[in-house]
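Here come two complexes built around chain A, the first alongside chain B, the second alongside chain C.
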Partner chain A sequence: MVYFINDIITGALIGLLYALVAMGFVVIYRASKVFNFAQGELVIIGGFIVWFTTMQAGLSLWLSIPLSLVLAGLVGYAIERTFLTKLIGESVFSMVMVTVGLLILLRGLVLLVFGPAVRPFPIIFPLKPLFVGDMLIPMNLLIGGIITIVAAVGLSWFFNRTRSGLRMTAVAEDHVVASSMGISVKGSIAFAWVLGAILSTIGAMIFLSGKSLTFLASDIGFAALPVALFAGLESIGGLILAGVIIGVAQSLTTNYLDPLIGGSLGSVVPYIIMLAILLIRPTGLFGWRTIERV
Partner chain B sequence: MDPSGIFSTSYRSDRRVVRTRWQALALVVFMALMLAAPYLVSGRIIAILNMMLISAVIAVGLQICTGYAGQINLGQAAFMGVGAYTASILASKTGLTFLLTIPLAGISAALFGFLFGLTAARIKGFYLALTTIAAQFIFHFAVLNLPSSWMGGSNGITVPPAELLGLRFVGETSQFYLNLAVAAIMIAGAFGIVRSRFGRAFVAVRDDDVAAGIMGINVAATKANAFLIGAFYAGVGGALWAYLIRFVGVDQFTLFHSIFFVAMIIVGGMGSIVGALVGVFVIRIIQEIIATVGPNIAESVSFLGGDIVFAGMNVVLGGVIAMFMILEPKGLMHRWNILKSSYRIWPFPY
Partner chain C sequence: MTYQTKRGLRGFLAAGAMAVAATMPLKAKAEEIYNLALLSDFSGPYADIMPILAGGREAVFTWWNETRGQDLGVTLNYKNYETRYDAAQVASLWPGIKSELDPIAVVGLGGPDVAALSERLPEDKIPMFMATAAYGFAWQPDAWIFNPRPTYSHESAGFLNWMREQRGGDEPFKVAILASEASPAYVDMAKGLELYAEEHPKEIDLVEVIYTEVQPTDLTGQMRRVVRAGAEALIIQTNTSIVVAAKRGLQANGANIPIMMSSHNGLPASGAALGGLEQLEGDFEAYGMAIAADEDTPARQFYETLVTEYGLEAPWNVVTAMGVSQGLYTVTVIQHAIEANGAEGLTGEKVREALFAQTITTEETHGFLPSLTFTPEAPFPLEGLKVNVGTVKNGKITIEATGVDIPEVKKW
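Presenting the complex of A and B:
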């Protein structure tokens, strides 16, 4: 029983990590209507920036973490300026296609610049797990979960309650209408990418803390994708619930079903849940129901 | 795209594929050159042409699904994989002739694609594109986790050569004719599909699915059909691939391969069958150059090792996709059409 509860808690915390990475998708979608397929690559770029500032440049953690976040924001800004600003006014289809191109472009660049070598990642969160009775909770995931919840509440408030957040929401509704209302579409998209890159870097820190870093870590982007869709692409608060559900389902499948069938069903369970929920509720749990006009 | 002043005067002439005598001549010359290719060029080039023909079948399918029907499809390599696995299992276990396994491979891939297209009844827009990524992951999972006596697991399957009336299709040249024949049939079929009622429904759904629905088109069925047809082409291409490589493994059908096919139709031009062929030609040449040059560079920059080809391919093709979307979103075919129509009305500006 203790193991069962422990699996649920660990699963929920991993789900919250997925939710944090998924927040990158949602923030970019909420402020620009672009679905960013290259989210996993942003995570890995964030990971390499953290690795570079700590292990390579030898800065202390207190200095390197803020510096990494700033650098990641700059990378996000640079990507947005190079590729997406030029497409404002084109169809959303083109923008999404560009992010598909970015997915393989960034993957290749990371591989070219850093190579396939496995690198040690700095220990950002204490390695020693937290013991509650007989249960054992990984410290990095616990702190990560708290960061996720704080970030979700904060960003949710920002997008739903503040003036500048609502402006970005208008951009996500329609680029042309938003810009004719005097809202800067450019500014909104730039902000989204900076925020998306920063969130991805935080995700990388939690995910990789004390582990090893290779370019393959970007697969977490695809693990987070079902969470974003499950919650509905527009809802930041809903990510927490969606992340917890998917994380727990995955953890239970991995621990109890996989030994029985001898496969790794756990890795596709999020996708199966995603397909099921899309068929039942196409907009996800908390997504917007939009009314379409011709 | 005809220049102004040139009109079709009947429905038949509007539907015509070959519109001018010069086009007919070009088609005949092109086909003759293709048939004579094994006698004209070296074996290395025939090998490249084989890859191009197979990619052409798959890219044309993707063109119908994405270029005509407007459904982003990032699972084309998975559909190709389903076809390749079907063909190789049928060929190695039951010994069926390729005349049956190739269509059956297409059908099984089409069913797999249709499954994801069916979600179109409920899901719209990008959500639909994302289910195709799910297709990619579920395909990988199924191959690696089903009992290895079924699909070979991570070891892959070895495929016996295609055989017809005692004639074995081994070696690049005989396979070239097999690929050429299948590709010609499939491409001719694609021209038929896009000119038909279905093709016009695809274009209507792509341009505005709500408006298309109001005009009486069954939007969900049309989208599902688009996936069905796209996946059928991918399955046939996958079967040809299986017979060419004689070995299928799950690593040959990743998300990256799907994106390479997307790159082909973006470079060639969305919404044009010939554009897909142009794109296949350009992208395959680029891939060939990287695969040839890559190892030489790898010797001087040793820390990358064998990954340089994969990395270089991703950087170049990702860059090509982004560059084309920004600079020439309608692709090379659009550029060529502009050139052609300005040539036809020369010396007048329009």
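Presenting the complex of A and C:
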């Protein structure tokens, strides 16, 4: 029983990590209605920035972490200014296609700049797990889970309670209308990309702490996709619940079904849940239902 | 001496030199040029090891051309083709490679090359020589794709039998496999060992096969199951990221179960990804090829020759050894074909015939590979199979065992 509860807790924490990466999707979507297919690549860009500042530049974690977040924000800003600003007012589809191009471009850039070698990622969170009786909880996931919840609460408040957040929502509704109302569309979208890049970098730190870094790490973007779609692409708070549900389902499948069937059903389960919920409720659990009046 | 006298003297000396040259025995010159197509992955999942592996095999071709080739009147040209370790890319490149190079052999890299070309090469009558261990799904008679090593499952079975012997006792050796469904080759590695364990319950007790992603999020829970099941070894023949995640998972559980890695994800690569070889103290790499350790072996001596005389820049490690082994058995087979058929009119078909006709001795591969006797029954030698075992002791890779017998593994 203890192990079963432990598996649920670990699963929930892994789900919260997915939720944090998915937050990057949601923040950018809420500000621009653009689904960023390159979210996983933002995670590895963030990972490489952290690796560079710690392992290469030799900075202490106290210096390198804030510096990495600033640099990641600048990368997000640069991406938005270079590739997306010119598309403001154009169809959302064009912007989404740009993110598909970004996925390939960023992957190539990582290979070009950092090379293909597998690198040791710095140990940011203690490797020693937390023991609660017979239960064992990985520290990186535990701290990551707390960060995710704090980030979700903070961002929910920002988007729902502040003028800036509400402006970003207006931008997502219609660029031209928002612009005519005096809202800076460019500024809102740029801010969303900065935020998305920072969240991805935090995700990279939790995901990769003490492990290895290659461009394969970008796969976590796909792992986070079911969480984002399950929650509904507009709901930051919903990500927490969606992440926990998917993480627990995945953990239980991995630990109890996979050994029986001799396969990896655990890695497919999140997508099965996602498809099931989209069939029942296409907007996701907490996504907005758009009512159009003619 | 006048100008005319000088001219006359020069002319006389030149004529004399030409006369002397004409009477000297003719040294064989490289006259026949044959092409090799090298399939490489400089930008895909094996991009990190490719420059080293490519360096190893190319240095061997240079060495062969300058030593053996010159005497035989043959030069081997080669060209690398970027496949991104993608079967679709290999399949789309192949017609162009064939028309551009008309190669007598292909020097392959991994599973995607096998998947893409296994149906094409018999039609085109061009053999392909791999560097890696073989795959169960490619274990067919009348092959055109060859591996110098048996399947990964053969290698792990040999290692486990050796571990059991080292441990002593009659109880079966408890083992877990960590694999991934990301590649058919990874699944194949696990399936073969699963079958072997099923058929040899008194020797191997397979406690679990765990499938995970190629970059796992967390393996603490999975490693706890492995520890609880009492596993005595963990087999990981997939990639370095899984080794790192498994090691962290074991460390989190306070366990130190030895991990066996293969050549492509071996001790140096996984050690580097973990931040230091010392983290793999007591872990193993096992494969049917020379272990790149500090010991002075014939393989090490040949590597030094390649470095000092043929411009090899790759470090002495398992990946370089893989490239050199591949190059050596490829050129040896070609050399056998030339010796049997003459330098002219060499074809892929004749190269393949030479592979079956004559054993490639361990001396011919400078100890990089055991003696290899290929038969039409399988793409790899079925008899006399050996595996070597390396480990980390005091932060250094050392040879733990050589020439360990590989048991008979049934086809799966």
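Basically, the second predicted complex is superposed on the first by the 291 of 294 C-alpha atoms of A that agree within 3 Å, B and C clash if a C-alpha of one lies under 4 Å from a C-alpha of the other, contacts with A are read in each partner's own complex, and residues count from 1 in each chain.
FYI, a residue touches a chain if its C-beta (ideal position, glycine included) is under 8 Å from a C-beta of that chain, and two chains touch if they have at least 3 such contacts.
Being a predicted model, the structure only gives us computed values, none of them experimental.
**Q** Could you tell me if A:L111 is touching chain B, chain C, both of them or neither one (first, second, both, neither)?
**A** It touches chain B and chain C both.
**Q** For A:V96, decide between first (touching chain B), second (touching chain C), both and neither.
**A** first
**Q** Once the shared chain is lined up, is A:K86 touching chain B (first), chain C (second), both, or neither of them?
**A** first
**Q** Identify the partner contact of A:S264: answer first if only chain B is touched, second if only chain C is, both if each is, neither if none is.
**A** both
**Q** Regarding the shared-chain residue A:I149, is it in contact with chain B (first), chain C (second), both, or neither?
**A** Touch status of A:I149: no partner.
**Q** Of the partners chain B and chain C, which touch A:L275 in the superposed model: first, second, both, neither?
**A** first
**Q** Thinking of the overlay built on chain A, is A:L136 touched by chain B (first), by chain C (second), by both, or by neither?
**A** Only chain C; A:L136 stays clear of chain B.
**Q** Shared contact residues on chain A, chain B side and chain C side combined as an intersection?
**A** 108, 111, 115-117, 263-264, 267
**Q** Which chain A residues qualify as touching chain B in the complex?
**A** 35, 37, 83, 86-87, 90, 93-94, 96-98, 100-109, 111-112, 115-117, 222, 225-226, 229, 233, 263-265, 267-268, 271-272, 274-275, 278-279, 282, 292-294
**Q** Enumerate the contact residues on chain C facing chain A in the complex.
**A** 42-43, 45, 47-48, 50, 180-181, 194, 208-215, 217-218, 220-222, 224-225, 239-241, 244-245, 248, 251-253, 269, 272-276
**Q** So in the complex, which bits of chain B are touching chain A?
**A** Touching chain A: residues 70, 72, 74, 119, 122-124, 126-127, 129-131, 133-134, 137-138, 141, 144-145, 208, 210-211, 214, 256, 259, 262-263, 266, 303-305, 307-308, 310-322, 325-326, 329 of chain B.
**Q** Under the touch definition given earlier, write down the residues of chain A that touch chain C in their complex.
**A** Spelled out, the residues of chain A in touch with chain C are 3, 6-7, 10, 14, 17, 108, 111, 115-120, 127-129, 136, 138, 141, 207, 210-212, 214, 216-217, 219-220, 223, 251, 254-255, 258-259, 262-264, 267.
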